[in-house]
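By letter and in written order, the chains are A, B and C; residue numbering begins at 1 in each of them.
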Amino acid sequence: MIGWLLAISQALLFLLAAPLMAGWVKWLKCRLQNRKGPPPWQPYRDLAKLFGKEVVLAETASPVFRVAPYMVFSVTALAGSVVPLLTVGLPTSAIADVIVLIGFFALARFFLALAGMDVGTAFGGMGSSREMTISSLAEPALLLAVFTLAMTVASTNLSTVIAHLATEPPQLYPSFIFAALAMALVAVAETGRVPIDNPATHLELTMTHEAMILEYSSRHLALMEWAAMMKLLLYGVLLANLFIPWGVGLTFTPAAVGWGLLAITAKLFFLGIILAVTETSLAKMRLFRVPQYLSLAFILSLIGLLSHVILER
Amino acid sequence: MILSGLPLAEQVILTLASLILFTSFLLLAQSRLFGLINTFAWQGVLLFLATIMMAATYDRHHLYISAALTLGLKVFFIPWQLRRMVVRLDIFRQVETVVGGSLLVMIGAGVLVLFSYYVVLPIRELALLSIRNTIAVSLAVILIGMLMIITRRKAVAQVIGFMSMENGLFFSAIVSTSGMPMVVELGVAFDVLVAAILFGIFFFQIRAGIGSLDVDHLNRLREGDQ
Amino acid sequence: MIYLYLTLLLPLAGTLLLALIGQQRTAGWVNLLFTIATFAASVRLALEVFAQGVLLSPGKLFYVDAFNVYLILLNALVGMTTAIFSGPYMAHELKIGRVDAGRMRLYHAMYQGFLLTMLVALSTNNLGVLWVAVEGATLATVLLVSLYRTPKSIEAGWKYFILCGVGIAQALFGTVLVYFAAERVLPGSDEALLWSVLHQRAGEMDPAVLTLAFVFLLIGYGTKVGLVPLHNWLPDAHSEGPTPMSAILSGLLLNIALYALVRFKMLIDPAIGTNLAGSMMMGFGLLSFTVAGLLLHRQQDVKRLFSYSSIEHMGLMTFAFGLGGPMATFGALLHMIVHSLTKSALFVTVGHVSHVAGSQSIEKIRGLIHTQPVIGWCFLIATVALAGFPPFGIFASEFLLFTATMKSSPWLVIPLLSGLAVAFAGLFRHMQRMVYGDAPEGQVAVKANMWPVILHLLLVLWLGISIPAVLVDWLDQATIMVVGKGVL
């Protein structure tokens, strides 16, 4: 019972924390660029404002266009609710399988790309095609990185993996260094951050994510934006809890959950700083260089897998 | 899992081994000459660190000398010399293309790593040191160096492949037997030094004789049609 | 002992001195003097070994036994006779402007350096130093191959450098593996790479590791031997460099790589217990022998022709060492000598031939026997000797090889004999026209000193008719070391 309660509250926390993470990174970036910038809670205001607006639809929009935001949002929220955020071993963790998770991402992306093409504008189609290209290159790397973890622990269940890594004495796994780097590269590509895409621009010929949601307004746009924020948080939590698992609650006692909350907040705090610093110091890549970037991620995860096979057995 | 329970020093050596393997892959993928030279220098740094770790962990004092040689030759002298060559030959803007597509080459390299793993299996059974698995990594570095020589068309890149093979050999010697006898170590280092200088001379000869450092132009010697 | 050091120090001193004065007109003579002194020292060394048996230097760095003493002697001899030829030949090249003074200095210094590395490789007891010396021999010759700075010679030099470098790296990995296996037998010892020590304990080493090691060693040193399919560098390097270099490369360096391979085989055989190493060598040897014989037919450059013939003969020797057994091994050891002598004589002759004809192209070499009978005759006789006709030494060694093959695996005689016939035809289809054909107009005789060639051919003839007792004794001892029992 307490497990279910925890699971529900964790899912809600996840939903609510997502805009904060996005706002935090944005605020940091502004400070790094010597600008004052909006406060970290600005995304909440934006979302609230968007929910209050009237919906404007393109004449050519089909029902898919209207359904897509709800699909994308709910699938992402579902994915977020199963990833161990504060504690492991929750009842929902039965479906917290990495491969299922990647499936969720693929489903959300599918609807996003459909919505991008639905209205028939040039930008939308371009964004969709780019998104699919990037993800088709990123997914193999992500899968290999995940397999490396799974082979070490002999499970693909996130909860089991994290519990196992958190309880054993600290080890220096060479393969994890590579898997973590690969996953970080993929995360940057998948969440549309610099140097792959720039979340801060509108109406640029090189944009990807923004191009797909260009035609959306009001609550539809809010849901899409919120889903994107959740995706960022989701990757952040995955990186933080898989590769630095210490601090995650192993039981359901208030103390364990409290420590878990503290730990994940601290980890995401630092992750946000790293992301902001790299985004500030890097320039956006030309689109044609993206495959190179992703093949680097692929090589990293491949070496992670190989060094697991060779060195750690 | 064998890994758990190893002392930290050995875990660090294993990590360095995997990083060395990574630099080998990077060498294979790099398309710019300066990037290539820098990556090579980093491989030397990792090798140096691994040697120091070996020397400290297993108390082999003569490895400190090997480490110093590595630092001097592979980290400073050879990269410095190559950089100077590239500047003097004015080829630093050239971008290298890899024969046969880079992803294919990468997969080939991955296959080579697995191949070396299976080749050295009989050794794993025997080695006294717990870091014996690194022998497979060292063989992989040698083979990837060879692959690089085959797939690169620029003379400078081939030389770096050659030198990275040499790194693999050195690494195999320190991890399998914690270093060859000193006289051999010095001899090998001397050979590497001479080879590096000769390569430099060759660059100028190729440039003067053929007008390009692209070894595709080296195609005059064929069977039968002299 | 002092003569061993002298044998090594003289070329070292020669390298250093000629690096300073190699561009002088007298450098050719200085070079010759050093090789004569080295030869004299090696003769004294040989006498010492003959009187005392095995020689092990204090510190165990050098080790001379019956197997390498005669190769050291052979090395010094061929080094000397080639130096006799090299002086006037290089002076001619300087005169016609193919090289300049700076390159002459490089050439002379590296001539001595090359001899030094080969002598170190032969006399060292340390398997790691053996590798260092063989690699050093490559490094010493690589700039000599590209000495003429033509696009072709630069290409040949680059190919030689890269391919041999890649190959020899495999040999170092093999050496590391041997060291690894040896360290388990001799833990914590500094002597785990010393051949004299390892040979005593060879049986105790781990067979799996040594098998793996031998594969790498065979690829590595096999590249240097010129075994097919690792032979690509060889014809280029031999044909593009100056002719005295080709003579030494073909006559000596290939032998040394094979010597290294056989030394390792001697360690590995008792450990694995089967003839696995031998079978691999037989396979590669036979392949090289056959392929090179066929390729002889396609050659259009006279130096390439004889480099393929070198591959063929090295293949035959590798095959014989792989076959094992006293008679085959004895034959292979003898073949190393007679092939060296004949091949270096041939290359020296070819050097004169190319000066007469002004080209190395077989098409342009015609009617030698009309223009300059002494060159024509030497060319013909040396080729006859090379093709294995009686009464020359190559006939004797090949006869031994074939008899041994007949005994142990008779069906292998068929490819051997047909290979020999193919190679013979390959040599003589070119030879006939080059020696007899009509001399082109204006072809004139050149000043040639044929004494080194005649000396070599006489030696080969002598070895074909009767082998001196000292040599038989050494070869037999070496055979006992390699395969466990001798022929006598």
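One rule holds in what follows: a contact is a pair of C-beta atoms (placed from the backbone, for glycine too) under 8 Å apart; a residue touches a chain by one contact, two chains touch by 3 or more.
Predicted, not measured: the structure shown is a model, and the values here were computed from it.
Student: Looking at the contacts, which chains touch chain B and chain C alike?
Tutor: The shared contacts of chain B and chain C amount to nothing, since no chain touches both.
Student: Based on mean C-alpha positions, I'd like to know which chain lies farthest from chain A.
Tutor: C
Student: Going by CA means, which chain is nearest the middle of everything shown?
Tutor: B
Student: Using the average of all C-alpha atoms in each chain as its centre, how far is it in Å between chain B and chain C?
Tutor: 31
Student: Which whole number of Å gives the spacing of the CA centres of chain A and chain B?
Tutor: It comes to 37 Å between the two C-alpha centres.
Student: For chain A versus chain C, what separation do you get between their C-alpha means, in angstrom?
Tutor: The separation of the two C-alpha centroids amounts to 66 Å.
Student: Touching chain B in the complex: which residues of chain C?
Tutor: By the definition above, chain C touches chain B via 61, 126, 128-129, 131-133, 135-136, 139, 142-143, 146, 149-152, 154-159, 161-162, 165-166, 169-170, 172-173, 176-177, 179-180, 183-184, 190, 192-193, 206, 208-209, 212, 236, 240, 295, 298-301, 304, 361.
Student: Any idea which chain B residues touch chain A in the complex?
Tutor: 1-4, 8, 11-12, 14-15, 17-19, 21-22, 25-26, 29, 102-103, 106, 110, 113-114, 117, 133-134, 136-137
Student: Quick one: in the complex, what on chain B touches chain C?
Tutor: 119-120, 122-123, 125-128, 139, 142, 145-146, 149, 155, 158, 162, 165-166, 169, 172-173, 176-177, 180-181, 183-184, 187-188, 190-191, 194-195, 198-199, 201-202, 205-206, 208-210, 215, 218-221, 223-226
Student: With touch defined as at the start, can you tell me which chain A residues reach chain B in the complex?
Tutor: Per the touch definition, chain A meets chain B at residues 152, 168-169, 171-175, 177-178, 295-296, 298-300, 302-303, 306-307, 309-313.
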